[in-house]
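Across the two complexes that follow, chain A remains constant while its partner is chain B and subsequently chain C.
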Partner chain A sequence: MAGYLLRRLAYGLLLMAGVVILNFFLIRLAPGDPAEVIAGDMGGATAEVLAAIRADYGLDQPLLVQLGRYLGAMMQGDLGESYFFNRPVSELIGARIGPTILLVLAAQVISITIGVAMGVMAARKPNGVLSGAVSVVATIGYAVPVFWMGIMLIILFASIIPIFPVEGMADIRLRNEGWLERMIDILHHLALPAFSLAVIFLAIYARLSRASMLDVLGADYVRTARAKGASERSVLFRHALRNAALPVITVAGLQFGGLLSGALLVETVFNWPGMGTLAFDAILRRDYTLLLGVLFCAAAMVVIANIVTDLAYRLADPRLGGET
Partner chain B sequence: MALLEIDELKVTFRTRHGPVTALDGVSLRVEAGETLGIVGESGCGKSITALSVMGLVPSPPGNIAGGAIRLAGEDLVNTSPRRLRRLRGSEIAMIFQEPMTSLNPVFTAGDQIAEAIMLHQNVSRAEALSRAVALLDRVGIPEARRRADDYPHQLSGGMRQRVMIAMAVSCQPKVLIADEPTTALDVTVQAQIFDLLNDLQRETGAAIMLITHDMGAIAEMADRVAVMYAGRVIEEGRADDILDLPKHPYTRGLIACIPNVGKGEGGEPPPLAEIPGVVPPLHLLGAGCAFRERCGSAFERCAAERPRLLGPAAHPAACHAVEEGRP
Partner chain C sequence: MSAADPAAPRKAARAESPLREAWVMFRRNRPAMAGLALLVLIILATLYGALLYGGDPYEIVWAPHEPPGATPEFPLGTDYLGRDIVAGLLTGGGPTLAVGAAAALLTMLIGVTIGALAGYFGGAIDNLLMRFTEFFQVLPALLFAMVLVTLFSPSLTMIAIAIGLVSWPQTARLTRAEFLKIRKLEYVTAARAIGARDGRIMWRVILPNALPPLIVSATLTIGVAILFEAGLSFLGLGDPNTMSWGLMIGANRAYILSAWWPVTFPGLAIFLTVFAVSLVGDGLNDAFNPKLRER
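So, the complex of A and B:
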């Protein structure tokens, strides 16, 4: 198991190096010049000023030299300085990564618990009304764009039933309150963004776990459980769900990247102070180093999520536990 | 009163072709300590008979449309699901055909046996687990304590079937239903499993209902035999009588199909016998005998009238040709 983990980590590092190098070139292929953006914000610039800025940030060097410098600094934990904010990228990301992780994990928990619960209920009576309703809800949820769902929720909760805050992560009026009040406030703010991000994934898990449960409920070992005299609840949740959950775990790991990119949209819609809004700003401002840093962190999160998924799968399925 | 009585059991299934009758008036009796073999080809209703006794006929589409099943006089057809769950696993237990897929892949062998014990007996988990180990030892699994922690994929087919048997006998059921328990196993392992079942039966006095299409298994295990065809019992009697003096053309055909390993007269092994054709689809059964299309002795009456189970009470058969003494 330890050897397996080390190997996975090594692959993960390779993958992240690949992501960084690829992004480094891709960003520079895009039209636009960061020197002009930097200079533009200062209010017009001559060619000499632009050249000075380029020299200052090392943008006048050949691409490979720039890449070498970037990677060298990265090895020492330095992700560079943001052109726009004039602060270290790691510091900027450090301030934003927490809210994004909170949002993504909350959406993951919501979508898996509600989605699997819907799937299990639907699988109990595959031709029943409930099963049909779950299918309809899942299809709609899958088809609705994340940002549109966010906007609809904002309209609903901003004006029609204003029970949830529709913007930001915390109420600044509460910043001198105790930690419990502030935590409840954050959860209150989290509700809408987490839900709108969760909807599409919830639909995926509902359909997947319905199909998987139907499959498992027809399995011989489920009949064995019934033949033992196990109650229907035990058959469903102890014998069937544990097996039916395996594909859900796999897909949950694969969907993590999708969840992160969905978070970018949701954060923008709800003004959630996470990495998504940071990335959005970085793209608009040609802030190469900041964007590279954000993408690097996103890749790291996906790699970690995949390793966690693999470990979870191994814990859930003893058939994989032995070999590495 | 027999321990297990099945009376005129009728089971129907909803299908694309409309309702079909999977079991049509099946009556069987099993006494305590006795082994009843149920023989027939795939699709003849053997497994549905077993599942009906267990109350596990998938419903829908299945439905017990008539008849009675009684365990020690207690009606099982009209009893509550709760009571049936009580009886399943404790009074009536079942061993399935596919040990590969009949054990849950995500629980250890010991856990699965212990679960059966805890469902019906008021014991702690630790006690149930130690009983499970003892049972694994009893069914001939070496190093039972260590094997109890194994998952099904770590066990061989024969071992898995032993685990299934340990699970089935864990609460000392009065009736043990074995649905083709050795079909998926090697021949050498088959004999061991039969020996084990015989031993367990001697110890506990359980009645065994052995479902098989293997006449060799019948010769090995059964005291009495019921031959089924297209949802009906077509011949019944003591195992010796059925094997030595089969009456129904179908039973004769089944026995002729037992492969002969020895050399025949010309030094060559004798050709394998077969029964021509297949069991007709249940929705296409007409008024006459269901076997007539495949039968060498069929005559006009066979197409017009369904034969009833007639003849001496100890060995009746459902065949017009037998009834009229035709060859």
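So, the complex of A and C:
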């Protein structure tokens, strides 16, 4: 297991090196002088700043030397300098990565819990009303633009049922309260963004767990469990779901990149202070170092999520525990 | 679901082409036919609607934020500048659908090529191409598309290219799996035995037999591409001079609490389009895999 984890980590690092190389070439493929591209349109690209960038990035060196320096700096966590905010990119992202992780994890937990519950219930009666409802929800979840979902929720909850805050992550008036009050406040703000994002992905899990439960419910071990007199609940959740959960774990890992993309849109809708709003600011200011830094960190999050998924899969399926 | 009794006499002994058979199945599928009808209607509306309706979507024609139904001339009301929303909807669908279709085409082109090469040749080529595919799956698609559009140009062509570049990995995986499965079948061995070259076997022998799942995947890709385009335009990363559904939502989002209609109708249009596409996709899936239907 430890050897496996090490190999996975090494491969993850390799993928990240790939992202760095891609970033490097993206900057150089963009139209215009790379120094000006790095400085950004509104970063006050004076002659001194441009000269400083040329020296910093070694733009007068051969391409391979430049790449080597860039790769080395990135791998040490130096993501460059944002010339608009005048601060290191790693610092800017560090301040925003927490809220994004919170949003993504909350949405993931909500969508998997509700989705799997719906799927399990639907699988009990494959032609019942709930099964039909799952198909309808699944199709809607696939077709609704996530940012529009968020806007509709804002309209609903801001003017019609004002029980959830529709903007930001915390109420500034509570800044002097104790941590518990502030925590509850953040969760209160989290409700709508997390739910908008979860609705889109809920559909996938409902559909998937319904199909895999239908597979599993016909299996011999489920019949055995029923025959020995296990309660319906125990049959569904202890015997069947444990096996039906495997494809759900796989898909949860595969969906992580999509979830992150969705989070970026939802963040801009709810003004959630995460990496999505940061990326959006970077785009408005043509701050490419910052934008590419966000891309790098987002890719790193996907790599980590994939490793965690693999480990979860191994834990859930004891057959894989020892080998490879 | 049970297999046909081999002893039973077959009524239709005539060999039908699989595509024809699928179409017969598809026609019997009511949701799928409804989806197809809706999609045709939306395409016709975006192609000819603006001509028939006659309004200019960019022109300020009335007071801002006129609610729907208040003035018969503007049945869905006006936006924050006083532009006609119906005219916007009829004009804004064109770019969205065109980008969606172009991006899906590009996705299929890249995905099928890479997947086919990997699945057919296997070994080192497969390994290399799949590592390449995994690398692209690590990049969060929307963010990568945002970077491409920002660094290069916000033209419709660039948006289509960006969406194509971020969505091909799944198609590649699907194609690879199909090729892996089919390349071991007897008719492929037979084709090789009569001296067919690799290229011919890949594109003329295997690909036609791998088509059904690829067609379904292409349909669903169109839906995803439309959502992508809408998301990019919503963020203001689309072509600012071309009206599109996503742009309408983005431009009006600052006023949602005083006027719900300028954001609601374009969103509904996107939803209905993608909904129709997915009904067609599901229908095609059922038509190509009748055995899976009960699931």
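One rule holds in what follows: the second predicted complex is superposed on the first by the 279 of 324 C-alpha atoms of A that agree within 3 Å, B and C clash if a C-alpha of one lies under 4 Å from a C-alpha of the other, contacts with A are read in each partner's own complex, and residues count from 1 in each chain.
One rule holds for everything that comes next: contacts are C-beta pairs under 8 Å (C-beta built on N, C-alpha and C of every residue); 3 or more make two chains touch, one makes a residue touch a chain.
On a predicted model such as this, the values are computed, not experimentally measured, just so you know.
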item	value
Touch count on chain A, higher of chain B and chain C	C
Chain B versus chain C as contact partner of A:I155, first or second or both or neither	second
Partner chain(s) touched by A:S82 [first = chain B, second = chain C, both, neither]	neither
Partner chain in contact with A:V302 - chain B first, chain C second, else both or neither	second
Partner chain(s) touched by A:N243 [first = chain B, second = chain C, both, neither]	first
Which superposed partner A:F147 touches (first chain B, second chain C, both, neither)	second
Shared contact residues on chain A - chain B and chain C	none
Partner chain B, residues of chain A touching it in the complex	219-221, 223-231, 239, 242-243, 316-319, 322
Residues of chain A that touch chain C when the two form their complex	15, 18-19, 22, 26-27, 29-31, 37, 126, 139-140, 142-148, 151-152, 154-155, 158-159, 211, 214, 254, 257-258, 260-262, 264-265, 268-269, 279-280, 283, 286, 288, 291-292, 294-295, 298-299, 302-303, 306
Chain C - residues contacting chain A, complex	134-135, 137-144, 146-148, 150-152, 223, 227, 230-231, 234-235, 237, 246, 249, 253, 256-257, 260, 263-264, 267, 270-272, 274-275, 277-279, 282, 294-295
Partner chain A, residues of chain B touching it in the complex	54, 56, 85-90, 93-94, 96, 98, 101-106, 108, 115-116, 119-120, 151, 153-154, 164, 167
